[in-house]
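The following pair of complexes shares a single chain, chain A, combined with chain B in the former and chain C in the latter.
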Partner chain A sequence: MPYTKRRRLVRTAVAIALGATTLAACGSQSADGDTESGPASLTYWTWTPGMDKVVDLWNKGPGKKDRITVTVKKQASGDTLVTKILTAHKAGKAPDLVQAEYQALPTLVSNDALADISKNAGEAEGKFADGVWQQTTLGTDAVYAVPQDIGPMMFYYREDLFKKYGLTVPTTWDEFAETARKLKKAAPEKDLTTFSANDSGLFAGLAQQAGAKWWTTSGDRWKVAINDAATQKVAKFWGGLVKEGAIDNQPMYTPAWNKALNTGKQIAWVSAVWAPGTLTTAAPDTKGKWAMAPLPQWSASDNSTGSWGGSSTAVTTDSEHRAAAAKFAAWLNTDSEALNALAKESGIYPAATNAQTSGAFLKPPAYFANQADFYTKAADIAETTAPSAWGPNVNVAYTTFKDAFGAAAKSKSDFGAALDEMQADTVADMKKQGFEVAE
Partner chain B sequence: MKSTARRRSYGVKGAPYAFLVPATVLFALFFALPIGYAVWLSFRKVQVSGLGLGSGARKEVWAGLENYTDALSDSELLHGTLRVLGYGCIVVPVMLGLALLFALMLDSEKVRLAPVTRLAIFLPYAIPGVVAALLWGFLYLPDVSPFYFVLDRLGMPQPDLLDGGPLFLALSNIAVWGGTGFNMIVIYTSLQAIPAEVYEAAKLDGATPLQIALRIKIPMVSPSLVLTFFFSIIATLQVFNEPTTLKPLTNSVSTTWSPLMKVHRDAFGEGDIHGAAAQAVIIAFATLLLSFGFLRAANRRQKQEAAR
Partner chain C sequence: MSSLAVPQTEPVAGSTPGTAQGRPPLRRRIALIPTVTLLLGALYCLLPVAWVVIAATKSGRELFSTFTFLPGTGFAGNVRDLNAYRDGVYWQWMANSALYAGLGALLSTCVSAISGYALAIYRFRGRETLFNVLLAGVLMPPVILAVPQYLLLAKADLTDSYLSVLLPQILFPYGVYLARIYAAAAVPADVIEAGRMDGGSEWRIFTRIALPMMIPGMVTVFLFQFVAIWNNFLLPYIMLSDDEKFPITLGLFTLLEQGANTPALYTLVITGALLAVLPLVALFLVIQRFWSLDLLSGAVKS
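Coming up: the complex of A and B.
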C-alpha cells in the first residue's frame, strides 16, 4: 500500500514537471531555422486599437504571398510595455515585433532588445520627414524602428469664447502670456489653460520646440542638457504664469479637467494632432466650438513645433525572422492601403508624409468639422517639427519631472529649481548605471 | 513476514513526509524561490559601459550591499516611511475604534435590524480598494464633487482635501471606510463567542450595559483586538492602492508617496529592478520586525495578566 502511494506521488510529480515543460515550450517561439525566407509566424505587441484588422490585410494580402503570418497581441501603452519588453527580452522571449514610443527607443537599444533593420527597411527613409526618421537611427548608421505615428504639437482654443472675450490667437509665447492675463482680467474665474505636471511628454515637446537637445553624444560620452538655456526659458515661462496666477496649476486628464474644458472654464489647450480624440471624450458638449492653430513661437520669425507622443514599429533581437518582421514593419507604415486602414481603424496620425493629406485625412476630424483645412494645416505644422534628442534613461527624467514639477506647480515656486533637479537626477542615474557622462 | 513488517514500519515513518511534500513543494516554488530570487537580485546591479548602445554594453554584476546602502540613505524612502507612519497614526486608531464601537453596539441587546446594519457596515469592504479610492477621489475634487456643491451653496468654506494635512485625512478616510467593516466582523464574531452565563452573572452583580461593555466584553475580545491591530499595521505599511489612484488627480501625491510606491516606481518606472528589490527586502524586514514585535509585546502582556 505505502509503496503504491509513493509511486502515485512520484507519478504526479513527474506529470507536474512535464506539464511545466510543455508550458515552457508553448511560451517560446521555436526556431524554423531559415531566417531569410520561407514561412514565418510573427508575434506583434502593440497597443494601437484596431491593429488586428490592419494586420488582417497583411495576412490576406502580401503576407500570404510571402508566407509571413503576423499575430497581434494587444498590450498596455507606453512605459508599461517597455518594461514588459525588457522583462521578456531578459528571458530571450520578446515578441518579433513591438510598438515603441520614440523616446523609449534608446532605452530598448541600450538593453540590446532591438535589432538593426537597416538592410530590410532602410529604403523606407524617404517616406518620412528627416526629424522623424533620425529618431529611429539614434544618429547612427543603424535603423532600429520604422516610424508609425507622430504627434506634432498645436494650439487648440475655443473660437467662440476667444471672440466673446476679445482675444486674438497668440502667435508668440509673449502673446500667449498676454492672452492669459487678458482673460483673467475679463473673466477672473476662467483660465486660458493649465500647466499640468502629469504628462512629461508635453513639457519635453515644448522644450524641443524651443531648441532643447536633452541627450546628445560626443565620442563615447553622453551629454545631458535637460537644464540648458532653451529648457530654462520654457520652465521659467510656465512657472511665471503659474506663479502670477494667469493660468491654472491642476493636472490634466482628471474629471475636474474634463469638466473645465466641457464648461469653458479652460478655453485653450496646448496639445498635439491627436487632441480631437481626447476632446471628443473630455469635452463632448463643445464639439464644433474649437479651432486649431500653430503653436505660439518664441520669436515672431520662428516657425517650429515640438512633438508630443508618436510611436514606431521595431523588430527585436529575439526574433528568429528579423528580415520577415522588418518587411512587415515597412509595409505597415509605408504602404498606402495599410496607412489608410491605420487611419480608419486606429485613428492614428501617420508619420509617412504622403499619407498625411490623403485618404482619411482629406476631411477634418468630426469634432473639428468647422475647420475644413484641419489636416492640411496639420501636415504643414508637422513639417516644422524640431529635431528631438532622446537618451537611454528618459523614464528617469520623466518620473522626476512629474514629482519635481508637480510639487513646484502646487506651491507655485521656482520651476528652474525643479528643472535642475530633473537634470541632477537624470545624470546621477546614468552615472550610477555606468554610462560615460560628460559634464 | 519479517520483510513486510519492516516495509510497513518504513512506510509509516515516511508517511508524514510524503504528506508534507505537496505543501513543501508549493511553498518552495511559489514562496521561498521568488523571495530568494528577490534577495539575489538585490545584491546585483547592471553595469553599463561607454554609451551603453548595442549588444554587450550592459552586464549584470555583483553589487554587494550597495543597493542596501543606497536605499537606506535615500531620503525619499525615509520621507515615504514617515508619511505612511503619519497616515497609520490616523487610520489604525480611528478604524479599530469605530470597528469596536460598532461591534459593541451590534452586540447590545437593544439593537434593531442588526443583520441589515451589519451588512451595511461590512459592505464597503467588498468594494475593491482601487474602486473605493477612485470613488472618493471624485468626491474630493472640488469641481465635480456634490459635497463642494452643497458647501458652496451654503456659503461654507471649501477645504482642499487633496493637499497638505487634509490629504492625510482624505487618504485615511478611504482606508477607514473600506476597512472598518472587516475589523468589526472579526470583533463581533468573538463577542458572539462569549458565553451568556458571563453576562448573566454580571447582571446579577448589578452591572450596567456600559459596565458590561467596558469591563467584560472589551477584555474578553482583546485577542481579536490584537489580531485586527496586527493586520492593520501590515496593511498600513503596505499602503499603495489609495495614493496611487489619487495621484493623477493632484500634484500633492508624488510617485514616491509611500515606500511601496517608490519600489514600484524604481522597478517599473525607472527600470532599476535591483535597487527596487533591495528596498522591497528592507520594507518586508521592517514590516516583520514591527508586526512581530507588537505581537510579542501583546502576548507578554496577556501572559502577565493571566499570571496575576
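Coming up: the complex of A and C.
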C-alpha cells in the first residue's frame, strides 16, 4: 500500500517539478536480466578517497568474470554534487553509478534520477541494520541505493581532564548540562563543548535521536515537521546552554576550534564514528587522551543515537546497464573483501553490520589506542540508530539552519525562533517546487 | 624557496611612485595621505597572499596550532605529499589548467582580434546590431551560461572532454569589445588605405599592418582571458567528470570536499593554491613589457 502511494507521490512531484517532460522515461521497470547478456562498461561518480583501488579489485575479480568494468571518476562531495548529477541527468548523461548521502536520496528520487534496484540488490537487505536500510527505500518497496558507510553519533571526551575536574561521563542530556556547568565552575576559561551551526548534519542527528521525523508523507502530501516537539526540545536544550554560557558558541572546523581541542580549552565533542580522523588533524597533541562513550540520552531508559554523515551507492535511470550496476553496488557494500579494502584504503565505517567488527575494525583507531574496545562499542551504538526521515529539499533546510542557528548562537538568542524559520523556509521552498505540502 | 619571494616584489614596485612624489618639501604633507592609503590597500591585498605563503610552509601538525604568521617547517613535506597524491594528479591538473587557459586565451584573443578589427574597420549592414549583441554579452555573467552550454554540448556528445571546456570560452565578448575599441584607436584609416593602394589583400593588411599595431591591446585581452579561464570553476565543474581532465580549481576543490567523514586535506590545498598562483605571477611579469610597446608603436603623425 505505501508502495503505490509513494510511487504516485514521487511521480506527481516529478511531473510538477519538471513540467512533466522526460517523465515517460520511468523505465525503472525495464532492464532486468541484461547482466548476463554481454559486457558492460560503467562509470561511477564517488568522492571516497582510494575508491579506485577498491574498484580495481572488482575489475580484476568478479567484474572480470561477468565482464563488467567500472571506472571511477572522483568528484567533490556535498550538495554541489547532487546538483551536478541532476544537471547531467537532465541531459541524459548521468553516470551509471553515483555516491549519494542518505539525505540526498529523496531529492534524486523525486527528480527520477535513481533507478529501483530491488530486483538486483534487494537481497542485500539482511546485511544492514533496519534503520539504515530504510533510508534507501524511502519507506517504499523500491530500493534506490545500497548503503555504504554510516555515521552513528557518539560522545567524545578528554578522559584525563574529566578525571582532573572530577567529572563523570554524562549518560543523559540533563547530566550533560550539569557536567558543563560543573566544569564552568571548576575552570571558568574552559568549555565542555560548543554549539556549532556550521554543519547541519549534527543538529539533524541530534533531532533524529530525540525522535524527530522532519519529512513524512501522508497520502499524496508531504508533511514537514522540522519544528516538532522533539526538535524543539533539542533546540531549547542547546539554546539554553549557550544562553547561560555553560558551553561555547563558536563554530567548529575553524582554526580556533582546532586550537581549543588541541589545547584542552574544549574537553568534549558530540560527534560520530569518524571523529578519530578529524581529531587526528585537529588535535594532534592530545592523541591517546580521548575516550568515546554513547551519546547522552533524553531519559535514562532510552537507548538510541542519531546519525551524522554516511552515504550510499545508487544506480541512475540514465544507466543502460542497471542490473550490472546494481550487482556492482551490492558487491561493493556487502562483499567482505571489498569492505576490507574500503576500510583500509578509504577509512570508511561500513554500513554492513558484519563488517563493523571484523578486519580493520578488530583494532581501535590509532588515535584511540587507549580504548581497545572502540569498534565493538561503536557497533553496539550503531545498532541503536534511530530511523531518519529525509525529504526532497534537505539542502534548503540545511542552509536555513546554518543561517538562522548561526545568528542565534552568535547573539545567544532564542533557538526556537530559528527553528520556526527553518520550518517556514523549507515548506515555502517545497511549495515553490510544486510539492503538495500538508499543513 | 626563492620562488616565494616573487609575490613580495610587488609592494616595492607599487609603493615607489608614492615615495618619489613626496620629494618636494612642500608637497610632502599632501602626499602622505595617498601614500598611506595606497600602503593600506597594498597591505589589504597582500596579507592573504602572505598568509598563503606562510601557511604553505606549515606541516599538518603546525597549521592550526602555531602562530598564524610564524613560518613552519613542512614546506618540503607538503610539496612531497602533493606530489604523491593520487600519483601526482596535481601536476596533471596544473597541465590541464595551462592548456585550458593558454590555448583558450590564445584562441579567444585571435577571435577577438579578428572580429574587433572587422567591426572597427568595415562598414556593413547590421554592424551596430552585432556589436550591441556583443555588448549585451559583456553584461551576461558567464556563470548563467554554464548549464545551457552543458545541455548544448551534451547534445553534441562533447561533455567530459577537453573541448567542452575550451569551446565555450573562445568567444569572449569583452575581448571583442576591447579589440574593437583598440583597433579603432590604434589602426588609423590612412594606414589601411595606404595598404590597399599598394595592392595588399585585406588579409595581408590585417596580419602584416594592423595586427602588429593592435598587439598591446591584444596582450591585455589575452591576459584577461587567461586569468578568467585559469580561475573559472563552474564551467569545468559542470562539464567534466573525469578528474584527470580537471583544471586546478576543480582539483583543489575535490581535495577540500572529501566527504563528511574524511578531513579536508588543508595542507595540500594551501600548498597547491600557492603553486597555482606562481604561473600567473610569472605570466604577468613576463608579459607586462608588451604593454609599454604602446608608446613606441605608431605609423602616422597625428
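Details
In the analysis below, the second predicted complex is superposed on the first by the 403 of 439 C-alpha atoms of A that agree within 3 Å, B and C clash if a C-alpha of one lies under 4 Å from a C-alpha of the other, contacts with A are read in each partner's own complex, and residues count from 1 in each chain.
In this text, a residue touches a chain if its C-beta (ideal position, glycine included) is under 8 Å from a C-beta of that chain, and two chains touch if they have at least 3 such contacts.
Worth saying up front: this structure is predicted, and the values here are computed from it rather than measured.
After superposition onto chain A, partners chain B and chain C are found to clash with each other. In the superposed model, A:G92 makes contact with chain C only, not with chain B.
In the superposition on chain A, contact is made by A:F435 with chain B only, not with chain C.
Once the two complexes are overlaid on the shared chain, A:N262 sits against chain C while remaining clear of chain B.
Using the contact criterion defined above for the overlaid structures, shared-chain residue A:T399 touches chain B, although it does not reach chain C. Residue contacts after overlaying the shared chain place A:D141 against neither chain B nor chain C. Once the two complexes are overlaid on the shared chain, A:T217 sits against chain B while remaining clear of chain C.
When both complexes are overlaid on chain A, the residue A:W45 reaches chain C alone and has no touch with chain B. In the superposed pair of complexes, A:T80 makes contact with chain B and with chain C alike. Shared-chain residue A:Y349: touches chain C; no touch with chain B.
Shared contact residues on chain A (touching chain B in one structure, chain C in the other): 80, 255, 259.
Chain C contributes residues 60-61, 63-65, 68, 86, 147, 150-151, 154-155, 159, 237-238, 241-243, 250, 253-254, 256-263, 266 to its touches with chain A in the complex. For chain A in complex with chain B, the residues that touch the partner chain are 1-3, 5-6, 9, 13, 79-80, 82-83, 86, 106-107, 109-112, 138, 140, 197-198, 217, 220-222, 249-251, 253-256, 259-260, 265, 317, 392-393, 395-396, 398-399, 402-403, 406-407, 409-410, 429, 433-436.
Considering their complex, residues 43, 45, 47-49, 73-78, 80, 84, 87-88, 90-93, 95, 101, 149, 151, 199, 201, 255, 258-259, 262, 272-274, 277-278, 280-282, 284-285, 308-311, 346-349 of chain A touch chain C. Touching chain A in their complex are the following residues of chain B: 7-8, 10-12, 14-15, 18, 21, 25, 46-58, 138, 141-144, 163, 248-252, 254-256, 265, 268-272.
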